[in-house]
Amino acid sequence: MDIINIILLVFLAGALLTAFAGKVSSIVQDTLFLITIIVPAILFFLNININSETVISLSKIQLTFGLTPLSLFFAFIVFGLAILAGFYAVGQMQGKKRKGYLYFNFLLSIAAMFGILVSKDLVSFFIFWEIMTWSSYLLVIYNGKNVQQIGIKYFVMSAIGAYAMLMAIVIVHSLTGSFLISDMIDGFADMSAGMKLLIPILLLTGFGVKAALMPLHIWAPDAYSNAPMSYTSVFSGALSKMGIYGMVIVFMTLITKLPQESLIRDIIAWLGAITAAISTLWAIKQDDAKRLLAYSSIGQLGYIVVGVAIGTPLAMLAGLFLAFMHGVFKSTLFMVVGAVEKQTGTSNLKEVTGLIRKMPWTFLAALISIIALAGIPPLGGFVGKWMLYESLITSNHYLLVTLVFFSSTAAFLYCYKFLFGFFLGQEEKEWAHVKEAPAIMVVPMLILSAISVVLGTFPQLILKPINSALAFYGMPDTYNNLWKESMIFNKWGDQVALTPIVYGIAIVFVIFAVFLFFKNRKTSRYVTTKDISTSGEVPKEYENLTFKENFFQPFLRAVEPAMRRQMDKYMLAFAKGLEDLFDFTRRIYNGNGQTYAIYALLFVILLLLLSNNLFS
Amino acid sequence: MVGTPVLFIVIPLLAAFIIPLTGMVWKNSVRIIPGIVLSYMLILSISLLWHITETGTVIEVIAGWKPPIGINLVFSPFSGFFATLMIFLGLLVWVYSYKFKRNIDSEPALKYFILLMLLVTGSVGIVLTGDIFNMFVFIEIVGISGYGLTSFYTRRDSAEAAFKYLFMGSIASTFLLLAIMIVYSQLGTLNIAEIADKMPMMSNKLKVISLIFFMLAIGVEAEMFPLNGWAPDVYTQAPGPIGAAFAGIVAKAATYATIRVMFTMYDLSGAMDFLIVMGILTFIVAETTALRQDRLKRMLAYSSIGQMGLVMVAFGIGTKEGIFAALFLIFNHAIIKGLLFFSGSYLVYTKKEKHISDVNGMGKYLPITSVLFTIGAFAIIGLPPFSGFWGKLAILTAAADSKMVALIAIILSVSVLEAVYYLRVVNRIYFFPKKESMETQKPTINALIAMISLGIIILVIGFYPDLITGFIDRAAADLMDKTGYIKDILTINN
Amino acid sequence: MIYLILTFILLLLMIGAAIYAIWQKDLLYAVIASGIISLLLSIMFVLLQAPDVALTEAAIGVALTTIIFIIAIRNTVRFEDEHDKKIKKEKQLKSAEQ
Amino acid sequence: MSILEIIGGILIVIGSLFLFLGALGIYRMPDVFNRLQAGTKATTLGAMSLILGVGFLMPGWILKILIIIIFIAYSNPISSHALARAMHLRKRFMYFKNEEIDAYKEIDENNKQVK
Amino acid sequence: MEKYLEILNYAIYGAAILLLLIGLYGALTKKSLIKIVLGLSIMDSGVHLLMISIGYLKNGTAPIFSPGHENELAKMVDPVPQALVLTAIVIGFGVTAVALALVIRLYKHHNTLRIDEIKNLKW
Amino acid sequence: MNYIIYFSLSIMILGLILSAIRFIKGPTAGDRTVALDTMTIIGVSGIVLTSYLFNRYIYLDVALVYGVLGFIGVIVIARYLEKAL
Amino acid sequence: MKKAIILISLTILGVYLIDIFTGIGFGTQHFASGVKDAYLIGSKETLRVSNVVTSIVVNFRGFDTLGEVTVLFLASMALGGILYKKRHDVGERSVLFPSTRIVMSGAKLLFPSIVLLGAYVFIHGHLSPGGGFQGGTIIATGFLLMLITYRNYSVSHNRLSWVESLAGVLFISLGLAGYFVHDSFLANVFPEGKLNDLFSGGVIGIIYVAVGFKVAAELTGIIYTILHEKD
C-alpha cells in the first residue's frame, strides 16, 4: 500500500474518530484532531516521491494517484496552512458547540484537497473535488445564519462548476477512452475543433468557480464570511487555490494547443482583472471585517488568475508566488478576525476599536499581513505584485496592468480601514475587558507573519520550487533566466543584494515607529472617535467621515457606476424566475385523477399520430 | 442451491394462505412469518445468483410443459439481479415496519405484512416470468396489494391516492390486455422468448401500435412522465416504509417489464430514442416539480420519479455501458430512496401535515436518523464518496460514449436542482430552530437496524463499487444477449 | 342469416346499453344497464363458442358486479348529480334568505 | 320427423310466442304491476315450454333441461314477487286506481312492527 | 358466408371497440366516481369481447371434447383467449370490488362523489 | 326444424328489443327491473336454443347458471328498491 | 372543450383500433403455428381433460390461476383493510328488515340447490364449461341471497378463513407435490384416467375443486364485508 492511500485512510479514520470523540472528552477530541492533521503531513513530507504511482483498480475505472512537482508545491500550502489553522481552530473552538462537526469537515476537506493534488486521473480528481465541496459546504452553513440562501448559493455555484467539470471529464473519457490526466493532455491534440474548445471552457468554468472568477464569484463573500474563521483561513488560503491549481494545468497543457489560445488567455485575464478591481471596490465598502477580507480574497485571487492566464513564464511565476503569499497573509488576516471576534464577540469594524493595547500580538500579525497584502516593499506581497506588473508590461498588456495597478492601489484603502478599525483609534470602555487571544491562536498567526517577512526577503525560497514545478509542464527555466533579468533585480543587483535594501527599509521603519511611539505618548490628548480635526479639515455636518464610517465615501461615489451592476442580483433574479417557472410546471399534477387519465389518453393518441416518425 | 425459481412465488403464496389460520392461534405469527419467508427468498435468490455464475441462466418450466406451451420462469443474471434487489429491500421494509404501527394488533394492520409480502412476490413474479400474460397477472397482484397498502391508513387522503392509482392501473391493464391480444393474434404465442423470436413476422403497423399500448400499460407502473400523476399521491399517503417499497420494488419491476418488452420483444428502431425522450421528460418535470414541494414525502416521491426517468434514459442509450449505468442507478435508487423514505418518515413522524418545515432542528433530537437522511440526500445528489456518484458517473460516461453531449448537459443541470431541494431539507434539519410543542418519535430498534444497514451499504458501495459491479456487468451482458435469451428458453430440455 | 341478425341486434343492444349506462344520471339504472351489457355479452360469448367465458361473465358480470355496484350505491348516493342539486338548493336557500 | 320432434317444435314455437308476448306485454302495459304480470307469467311459461321443447328434440338432455325448468319455475315468481312488493312499498300504485284491493296493507303493518 | 364474415368482422370488432371507447369516455368525462368505475368495467367488457372474437374460428365449436365431439379438433376455436379472458374477468372483478370499496370510503370522508372535488393531493 | 328454431329466435329477438325499449323508456325502476328480468329469461331460452343449434349439450350449463344468477340480481335490486339493503 | 378533445382523441383511437383489428380479421386463424394446437392435443392426449380451457387454466397456464386466486385473496384482504371498522360495529346487520316470507322460504329452499349447482359446476370443471371460479361465484351468490333476504344471517368469518386458507394450501401443496415428484410445479401426480370420465385429468379436477372453495370463500368474504359497510 502506498503512502498516499495510507494518508487518505488516516484522514478518513481520524475524521470519523474525531467526530465522535466528543462524547469521550473534549481534550481527546482536540488531540485526535491535531494528530490527524500532523501525522499525514509528516508521513507525506517524509515520503515524497515524485515518480511513484499508485493505482486503485476498480473494475471499470482505475484511480491513479501520484505526485507532480506542481501538486507538491500546492501540497506545501495545504499542509502548512492546515497545521497552523488546525492549532488555531483548537483554540478558537474552545467551549463552542458543534466541535465534532467542524473537526470532521475540516479534516475531510483537507483530505480532499490532498486527494485533488495527488490525483492523476480525472475521476479521483472529481471525487475529491466533490468531497471538498460538500465538506466545505457543511462548514459554510456552520453558523446556521441564513443558510438557505448562503449555503445553497455556495453549493449551487460549486455544483455548476463541478458538473461542468464532470461533463468535460466524461467527454474526455469518451474521446480518449481513459480517465488519466496525462492521456487527456496527450489526446487533446487529436480532438475535433469543437471539443477542443468545449473541454477547456468547461474545465475552466469548474475551476473558475472555486477561484471565484468574476461571473462565478457570487458565492464567495457570503461563504468566506460565514464559515468559522479557523476554517476560512484554509478555505481562502488553500481551498480556493485548488481552482488555481486546475487552471494552471489547463493553461499550461490544454490552452497552448488551441488555435484560439490568445483570445482565451485574454478573456480569462480580463475577467481576473475585473474581478480584482470590482471586488476591491466592494471590499472598501464593507463594514464587517469578514466580508471585507472575503472581498479582498476575491480580488487577490483575481490577480493570481491574471498571472496564470497570461501565462508567460514570468506571469506564471508571479501568479503562483502570489498564490502562496495570498495563502499566507490572507489566512493570517482571517485568523486575526477570528481572534478578535472570539474576544469581543463581533467582527464589525465600526464597533470594535483600539485593541492595539489589548491584543498587541494579534495586532502585530495583522500589521505584517496587511503590509504584505498591500504589496508594500519589504514584504512578500510586493515581490509578487512587482513580478506581475512586469510580466504584464513585457507581454504588452498595458490596459490590464493599469486595471491591476488601480485595484492594487485601491486596496490600500481597505487595508487601512481594517487595521484602523480594529486596533487603532480610541479605546472604548466597552472593550476594556478584552484580553489577548490564547497562545494557541496567536502563535499560528505569528508563524505565518514570519513567513511573510522571510519571503519578502528571500523569495527564492519559494520561487525555486515553483520554477521546478512549472518546468514539469514544459515551462522554460524561468527562475534562472527571467528572474535575473527582471527589472527590480537588475537595477538593484541580484537577489543577494536585495537583502541589505530590505533590511535598510525595515530599520528605517522601526526607527520611525519608535520615534512616533514616543512622540505620541507625550502629546496625546483625548479625542472622540469622530474627531478628525487633526487633519485640518472641518467636516460637513451631515457627513460622518471617520475612517470607520464613511471615510471613503467620496471615492466610492466616484466609482459607484462600476459597482452598480451586481452580478449577485442578476443571478438571484434568474434563479427566482426559474423557480417560478418550475412552480408552473407542477400545475400539471392538478390532483384530479381524471385529468391524469386524460393525459394517458393524450399520450397514446400523440404516439399513435407520431408513430410513423418515431418508430420504423 | 436452495431451490428453484418457482419457490419465489409459491412459498410466499403458501405463507399468505396459511397466515390467516396461524393468525387466529398466534397473533404475532402474522408479523413473523412474512419476515421468515422474505429472508428465505433472499437466501434463495442470493444462492441462485451465485449458482448461475457457474451454470448460466436457470429456466424453470411450470407443470412440465416446455415453453412456449407452458409458463416458464427465468432466473438470469439480469432478472436475478432485480429479484435479489427487490427481495432485499422488501426484507428491509419488513424489518423497518416490524413495530412501525402502534396499533399493530388491529385487524387491518395484520394484513399489512401479508400485503407487503405479496407486493414483493408480485414484483419478483414480474421479473422472473417468461410469459407476457403471466406478467399481466403479476402486475395486477402488485397493483391490488399496492391499492391495499396505500389505503392502509384509514385517513381521508389515502383513499384518494389509492383511487387515483387504481384508476390509472385499470386503464393500464385494459390496454395491456389489448396489446397482449394483438401480439397473440399475430404470433399465436404468449411466451416472451418466442414472441421475440417471431417478432419479424408481425407487420410494422401492428408492431408499433402494440408497442404503444405496452408503453402505456407499463409506463403507468414505471412512472413515465404523463402517466405518473398517481405516483406522488401514493408515495405520500402510503405508510412511510411503503413509499420505499414503491420506489424500490414496484417501480423497479415495472422498469424491468419496460425493458423486457422494449428491448427483448421488439426490434423497432427508434424505440430506444423514444425511451430517452420519455425518460428525460420524466426527469425534468419530476425534478422541477420536486423543487417547489412543501411536503417532505411528496418531494421524495417526485425525486424518485425523476430518478426512474434517469434510469429510463440510461436504458434508452442502449449500449452495454448504458445498461450497466441503468442497473447501477436502479441499485442506487433502491437503497438510497429506501433510506430516505425510512429516515424521512421518522423525521416527520409525529407531524400531521408532514411539511418540510417540520424537520426543523431534528438534527439535535434524532441525531442518527438525521445523519442517515443526510447521507441519503448526499448520495442521491451524486456526491462522492457515496454510492450515488458511481451511478451518475456511469450514465454520464455511457451518454458521452454515445456522443450525446446535450443529454449530459440536461442531466447535469437538472441534477443541480436536485441538489438544491435536498440541501434545503438538510439545512433545515441541522440549522433551523425546532418548532415548539412538537413531540418527536425516537426510531425503534428494528427501524434503526434497517436504516443503518442501508446507510452502511451506501457507504461501502461508495468506497468500493466493485462489490456489485460484477453482478451488474453480468446482468447487462445478459440483457444485451437477446438471441442467447431466446435460444436458452426455446431449446430447454427438461 | 338469422344468426347474423341475431349477432347484430345483440351488439346493437349492447352498445345501446353502454351508451345508456354512461348517459343515465340515475346510477341505479346505469348499473342495471351494465348488467344488461354483461348479459348480452355472455350470450355473445355463447355464440362465439366460448361457454366457459359465458359462464364466468354470467356469474361475475351479471350477478356479482351488479350487486356490489348496487351495494356501493346504497352506501353513497343514487343520483350522479345529487351533489349539484345540493349546491343548487343551498344557493336557492341563500338567495331566499337575502 | 319423429313425433318427439313435432311435439318439440310445437312447444318451441309456443314458448317463443309466449316469450314474445311477455315482452310485448312489458312494452304495452300501462304500469309496473301490469308489466310485472306480463313479464312473469307469460315469460315463465314461455321459457319453460321452449326449454321443454328442446328437451323433446334432444331426449338425452332431458335431465339438465328439467333442472333448468325447475329453477325457472321456482325462481322467476319469487323474484317477481319481491319486485312487486318493492314497488308497492315505494307507493307505485296501479294505473287503475282501486285502493281497496291493496292486499299488502296488513303485511306492511306487520313489517312495521317487526322494524 | 364470406360476405357475412366480412360484415361480422366489422360488426363485432366495431362493437367491441365501441364498447371500449364508450367505457373510456365515461371514465374520462363523468364526474361521479361510481360512473367512472362503471366506465372502466364497460371498457373491460369491450376488451374481453375483442379477445374472444380474435380466438373465434369460422364454423368453429367450443374447445371441449365432450362425448360426440372428441374428434372435432380442427374445428375448435382457439382456447387460449378464452382462458385469458377467464383470468381477466376474475381479476377485473377483484379490482372493481376494491374500487367500489374505495369509493365508499371516499364518499364517507368527502360526502361527495364528484372526482373534481376530491383533490386534496395535488401539485 | 331449423326454420322453426330460426323463427323462434327471431321472435325472441323482437321480444328482447321490446324489453330493451321498455328498459329505456320505463319511468320507474320497477319497469326497468322487469325488463331486465324478461331479458334474462329470454337470454336463458336463447342459450338453450343455441345449444340445440350447435348441438352441444354442455351449453345448457350456461343457461342454468344464467337463470339462477339473474334471479338473484333481480332480488337484490328489489331489496334495494324497498330500501331494505 | 375538454369533452371535445376527449371525443376527438377517442375517435382517433377508435379509427386506429378498428383499422388494425379488422385487418387482423375475424373467424380465421391468424398465425401459422401457435400454441393452440399443442394445447388442444395436449389436453386430449396427455391430460385427458375434455375441457381444453380448464386444462389451460389449471395446468398449462396454472401459474396464471395461482396468481388469479391470489388477486382475489388480495382483493378481499384489501377490502377488509379499506372498509375496516372497529369491533363494536361488526354486529350490525346486513339488511334493515327481512324480506317477505315468500322470498325467505324461497331463498331457504334455493340456497342448498344453488350451492349444489356451484359444486356441480366446479366438480365438472374439466368436463363441461365452468370450473372453480364460476362454481365459487355461484356459491358466493347463494350466500349473498341468504344475506340479503334474512335479517341476521351471518357467515362465520373464521370458518371462511379456514376454508379459504385450506383450499389455497391444497392448491399449492398439489402443485408442490408435482414439484417434488416430477420436478416441475403443478405437474400431474395422479393417474390421468379416461377422457370424459368424472375422475379424469388427474390433479386438475382436484385443483379446480380447491379453487372453487377458495373463490367461494373469498367472494363471500368480499360480499360480506362490503354489505356490512354502513354509514
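A, B, C, D, E, F and G label the chains in the order they appear, each numbered from 1.
The rule we apply is simple: contacts are C-beta pairs under 8 Å (C-beta built on N, C-alpha and C of every residue); 3 or more make two chains touch, one makes a residue touch a chain.
As the structure is a computational prediction, the values presented were derived from the model and not from experiment.
**Student:** Which chains are shared contacts of chain B and chain G?
**Tutor:** Touching chain B and chain G alike, sorted by label: A, E.
**Student:** If you apply the touch rule, which chains end up adjacent to both chain D and chain F?
**Tutor:** The shared contacts of chain D and chain F, listed by label, come to G.
**Student:** Quick check: more C-beta contact pairs at C-G or at C-F?
**Tutor:** C-F
**Student:** By mean C-alpha coordinates, which chain is most distant from chain D?
**Tutor:** Between chain D and every other chain, the largest centroid distance is to A.
**Student:** Taking each chain's centre as the mean of its C-alpha atoms, give the chain farthest from chain E.
**Tutor:** Looking at centroid distances, A is the chain farthest away.
**Student:** Report, in whole Å, the distance between the mean C-alpha point of chain A and the mean C-alpha point of chain G.
**Tutor:** For chain A versus chain G, the centre distance works out to 74 Å.
**Student:** Which integer distance in Å separates the CA centroid of chain C from that of chain D?
**Tutor:** Each chain's C-alpha centroid was found; their separation is 23 Å.
**Student:** Between chain E and chain F, tell me the centre distance in angstrom, where each centre is the average of that chain's C-alpha atoms.
**Tutor:** The separation of the two C-alpha centroids amounts to 20 Å.
**Student:** Report, in whole Å, the distance between the mean C-alpha point of chain B and the mean C-alpha point of chain D.
**Tutor:** Here the centre of chain D sits 57 Å away from the centre of chain B.
**Student:** By residue number and range, which residues of chain F touch two or more other chains?
**Tutor:** 9, 16, 33, 51, 54, 56-59, 61-62, 64-65, 68-69, 72, 75-77, 79, 83, 85
**Student:** What are the residues of chain G that contact at least two other chains?
**Tutor:** Within chain G, the residues that touch at least two other chains are 2, 6, 10, 13, 16-17, 24, 30, 34-36, 39, 51, 53, 61, 64, 67-68, 71, 74-75, 78, 82, 96-99, 103, 107, 110, 121, 127-130, 133-134, 138, 141, 144, 222, 226, 229, 231.
**Student:** Two or more other chains in contact with one residue: find those residues in chain B.
**Tutor:** Touching at least two other chains: 133, 137, 140, 144, 147-148, 151, 154, 159-160, 162-164, 167, 171, 178, 184-185, 190, 209, 232-233, 289, 292-293.
**Student:** What are all the touching pairs of chains?
**Tutor:** Pairwise, the chains that meet the contact rule are A-B, A-E, A-G, B-E, B-G, C-E, C-F, C-G, D-F, D-G, E-F, E-G, F-G.
**Student:** Using the touch definition up top, name the residues of chain E that touch chain C in the complex.
**Tutor:** These residues of chain E touch chain C: 4, 7-8, 11-12, 15, 18-19, 22-23, 25-26, 30-35, 37-39, 41-42, 45, 48-49, 52-53, 55-57, 60-64, 77, 82-83, 85-86, 89-90, 93, 96-97, 100, 103-104, 107, 112-114, 117.
**Student:** Inside the complex, what are the residues of chain C that reach chain F?
**Tutor:** It comes out as residues 2, 5-6, 9, 13, 16-17, 20, 28-29, 32-33, 35-36, 39-40, 42-43, 46-47, 49, 51, 54-55, 58-59, 62-63, 66-67, 70-71, 73-74.
**Student:** Once bound in the complex, which stretches of chain B touch chain A?
**Tutor:** So the residues of chain B touching chain A come out as 160, 163-164, 167-168, 171-172, 175, 204, 207-209, 211-213, 215-216, 219-220, 226-227, 229-230, 232-233, 268-271, 273-274, 285, 288-289, 291-293, 324, 378, 383-385, 389, 393-394, 396-397, 399-401, 403, 405, 408-409, 412-413, 415-417, 419-420, 423-424, 427, 430-432, 464-466, 469-470, 473.
**Student:** Under the stated contact criterion, what part of chain F meets chain G in this complex?
**Tutor:** Residues in contact with chain G: 58-59, 61-62, 64-65, 68-69, 72, 75-76, 79, 83-85.
**Student:** Where on chain A does chain B make contact in their complex?
**Tutor:** 58-61, 123, 126-128, 130-131, 133-134, 137, 141, 144, 147-148, 151-152, 155-156, 159-160, 163-164, 166-167, 170-171, 173-174, 198, 579, 581-583, 585-586, 588-589, 591, 593-597, 599-600, 602-604, 607-608, 611, 614-616
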